[in-house]
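What follows are several structures.
Common to both upcoming complexes is subunit A, partnered first by subunit B, then by subunit C.
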Partner chain A sequence: MKSVFAALALTTALTFPALALARPVTLTTQMNNYGGDGAYLALYVTDKGGAYVGSLWMAGGKSKYYKHLSEWYRATGGDLAQINGITGASVGAGRQLEITLDLADALFDAGYTLHIDASVEDMRDSPNEVAVPLTSAGAGQPVAGRRYIASFTYDM
Partner chain B sequence: MIRALHRWPGLLAAVVLLVLGLSGAALSVFPAAERLSAPQAEAGQSVADLVGKIAGAYPTVEQIRRAPSGKITAYWFEGGTPKAAVIDPATGQGVASADPNAVERWLTNLHRSLFLDDAGRLVMAAGAGAMLILALSGAWLIARRSGGWRHWFAPMRGRGPARWHAEMARAASVGLLLSAGTALWMTASTFDLLPDGEAQPDFPASVSGGSGVALTDIDMIGTLAVTDLRSFTYPYPGDASDVFTLKTESGSGYLDQGTGTLLAWADATPWQRVSETIYMLHTGQGASVLGLALGLIALAIPGLAGTGLAVWLAGRGARGFRSSPAAQAETIVLVGSEGGSTRGFAETLARALVASGQSVHVAPMSAFAPQSYRRAQRILILAATYGDGVAPASAKGFLDRLAALPVAPKAPLAVLGFGDRGFLAFCAYAERVAAVAKAKDWQELLPLATVDRQSPQDFHRWGLALGKALGIDLVLSHSPRTPRTASLELIERRDYGAKVQAPTAILRFALPRASLWQRLTGQGFGRFVAGDLIGVVPEGASVPRFYSLASATRDGFVEIVVRKQPGGLCSGQLMVLQPGDRVRAFLRRNPGFHAGRDRVPLILIGAGTGIGPLAGFVRANARRRPMHLFFGMRHAASDFLYGEDLARWQAEGRLARLITAASRGARPHYVQDALRAEAAELTRLIQSGARIMVCGGREMAAGVSAALGDILAPAGLSPVLLKAEGRYVEDTY
Partner chain C sequence: MKKTLALLAAGTALSALVGFPAFSGLRDNGCTRDLGCAASLDATGAERALRVADDDHDDDDDAFRWLWKFRERHGDDDHDDDDDDDDDYGRGAPKAAPAGTVAPPQNGLFVPGATPTVKVN
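Moving on, here comes the complex of A and B:
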């Protein structure tokens, strides 16, 4: 299963538009008022062993700053192909990022963890700002981030 | 062309540049404040020592960063919450919040992107580009104005907003060029247009698997000075596969957390170093004094924008005349104007000609097209001169086109030159035009005439001559600007010269009172020194007459010397003034004819009413600078202006020597003769650095110049040479 999944992940970055085994999942990230410029966020998934599987979203358009999303950067080597087509603007303090993706059912209740690395100009980098296991039971449950994210929720 | 390249980006970008300049100036303070407030590491402190101290104070420390200002920040976790503080390297303890300053952040976002993110960055980058063009084209214009790059630091002449614009630009252009150039580089870097990304080593494929090496045992950290540190990052807690990450001035690398061995290293690339240097130059972070200097220079931008706009508006003010097509006009008026003021004169001329029934075509000299002037009866050229006799902007290419003509146009030509006698090459371009026309056998309608410093009288006089040549009554009354006048009350008059048929008076007026508001807003009469001018507007005329001031504001009165001119409207009115009577007048500064504050000897040469400003210099000479006055008059018994004062000033040490020449009486001679008699002493003074100031009639000034030419020739000096150095100035009328 894992190898099939990984192969798919390479080409579709974990999203499966219009496939029966996928469903729309809304990821809501509420930033707190940390008193800085727009935050860069990398949303990505690791497997049971902690190995990087794929990226879900990159908030922030300038690749030169991606190295500050240090866990993501280390896992991907800053490979821009990982976020091709799933890149948006950085998220300001107090603002909300809401994205809806078609995620494979197989991602849930299988030991996968969703991570968010955050970085703000002139402020400390916060890798693993959020690390939340993807489970059916966890859907709809807000999780607090460590510094910049007030709450993160995924709804199915 | 260069002027257009200067004008349009300036006008378009003025608002953006104001925002950039003011926010940049405000931002320049922060790096200096950070440099002063951040506790600095002692010389020789090692990174191992610093990290050890911080780890003692904050056992969960994750990362330590050092800013170019020397500020050290530590990041750690406390109960799952990330924390940060500015660290005192001596103790390892936090001393201040590490969060960015909200004001600085706001200003930074305004400065670089107008809070509009990438769109705003592009607008601001366009502003920086405009500033680059403005600084380059402006420097070129200044060089041309002062007669070449070699004369960049020569004293400037001219007056008004144009002078201020040039003075400020001269002081600021290099700094603005640096700010603009580095801004564009940084924008290119932000948009990933430069290969200046940080060199990052590949993450090591394998590590020892151990942990807990003592930092003091790691050579690299034990010997590394804190001043070379950029950042030091601990491995992720509990992750044995992770490493120490070290960034220094020279590059970055990974160290094993079990053994301390260097696992990977990448040197900083040359591009990265260049970008870091440029970032430092632009922001002043790591170079706070330079940052403050650039911030101060950025404050010139509002001044440059204001004076630039004033110059442009002044040049536009007189526009709006509708001229006839070239093919149908009887009179062709060609204008060679640099700042636009000569154009104003041309339009006054054109209006007066139209009023007397002529059809007139007005065009820039650069649009000279003789084959299309089919019905032209005459061609009038009004030409300004720029710098060292260079063609003004709107006359580019005229001489080449004229020289290329097989035969000169049939319609006769009159050339009127505009310039400033304070400049060495007074009306030199108009002279060249006249010379080339003569060489082409172009029929002359009127001989070459000149207008000094936009003198309405000179222009009026030329108009009369032109009207006579055309057989019409031509009255040209052109006032370049109508300044606000103040009412001056006469408090004293001293009369001279009646016996020698040269009625002359020293008129002393009370200083007009200005309210505080007028003083603050510059609406009052203004401060002045001897050598400045007042424009007196006689009753029944709109054109002012100018008189040199013989006093300064600190003397507490306004003093001029007036001689009754036969049929002169203004001098006639002034000569009948009695104490208590009033005239309307305004101040015009004349910085080209100031005594200055230095201590080099002054040789003052004047005749008749020309004594006025020279007497003013002597009166103000409390510091006893050596002043030598040569004064020419008609008869010592009748028109020895300031006779008693000069004797007193000499006794007080304000005047070193007084040499007079009387053109009538027992032994008639002129001031030139007095100069020749003192040739040896004059040569000695001038060789020791003395400055010469001449005031009086034009013929006298020419005679003085010729005499000095003879006197100085044996010493290898000449009036022309001294004028070029700003050591020979004239104020003539």
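Moving on, here comes the complex of A and C:
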């Protein structure tokens, strides 16, 4: 019996720090009524030096269009391994995309920036449609996009 | 009499000259007897009639084949657009694994084992 409690205590002790180092973050992207097909969106993070760290979400499933998400594509070379398990459908004009992710605490207030590249068929590509520093103070503050995104907000 | 024989010989020679290539052409198609026998059906007449029907069918195909070749050469925009838009899956174009089917990438941003949730309003 003692060994069971010991094992339980050990697993709890190992699990708790991991939970404490993460938080659920909701990323909300409200699209403009731009009058075109569904938009492809790449959400990704760069560090304080501007180097690509990783992707958070890819809206749009056809890889042949990824080259139009030019900044993301330049950073990744279109590597699908970067977006396995975090890919969904493209987002229509006027629609709202809401993604909830368990993100590492270390991402916030550490100089990281969240970027969104956007592309719509037969319309102009929009790299860096949104670029917003990830800070605790910035949570809940809407940021306007340049062309296709009316507003972007992250909530913790 | 000599004149008659000469005319007959010339006519025969002319017939042979014109008729031989035509006969050879029929042989090339493997239908040597078709035209001649179509008018005088014998025991295998049914088979030959069927061949004639086949020939008609082939002619039709050739007519459409010409149209298809013309369209291929000059392009068919609608068809190409359809290919671009709809055939991606059929061609086996590479695709990323959709959310929920595999774990997110281990890029240091996600908590291991966590699955993203998505909602479109």
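Basically, the second predicted complex is superposed on the first by the 137 of 156 C-alpha atoms of A that agree within 3 Å, B and C clash if a C-alpha of one lies under 4 Å from a C-alpha of the other, contacts with A are read in each partner's own complex, and residues count from 1 in each chain.
Here is the rule we use: a contact is a pair of C-beta atoms (placed from the backbone, for glycine too) under 8 Å apart; a residue touches a chain by one contact, two chains touch by 3 or more.
Worth saying up front: this structure is predicted, and the values here are computed from it rather than measured.
Touch criterion met: A:L101 reaches subunit C, while subunit B stays clear of it. Look at A:G88: by the touch rule set out above, it reaches subunit C but stays clear of subunit B.
Contacts of A:S63 after superposition: both subunit B and subunit C are touched.
Shared-chain residue A:G54: touches subunit C; no touch with subunit B.
When both complexes are overlaid on chain A, the residue A:S126 reaches subunit B alone and has no touch with subunit C. Note on subunit A: of its two partners subunit C and subunit B, the one contacting more of its residues is C.
Subunit A uses residues 61-64, 89 to touch subunit B in one structure and subunit C in the other. Within the complex formed with subunit B, the subunit A residues making contact are 35-38, 61-64, 67, 74, 77, 89, 122-127, 146-147. Interface residues of subunit C, counted against subunit A in their complex, comprise 88, 93-105, 107-112, 114-121. Subunit A makes touch with subunit C in their complex at residues 18, 21-22, 45, 53-58, 61-64, 80-89, 91, 95-104, 107.
Interface residues of subunit B, counted against subunit A in their complex, comprise 63, 73, 75, 77, 80-82, 84, 98-100, 102, 105, 109, 117-118, 189-192, 197-198, 200, 202-203, 236.
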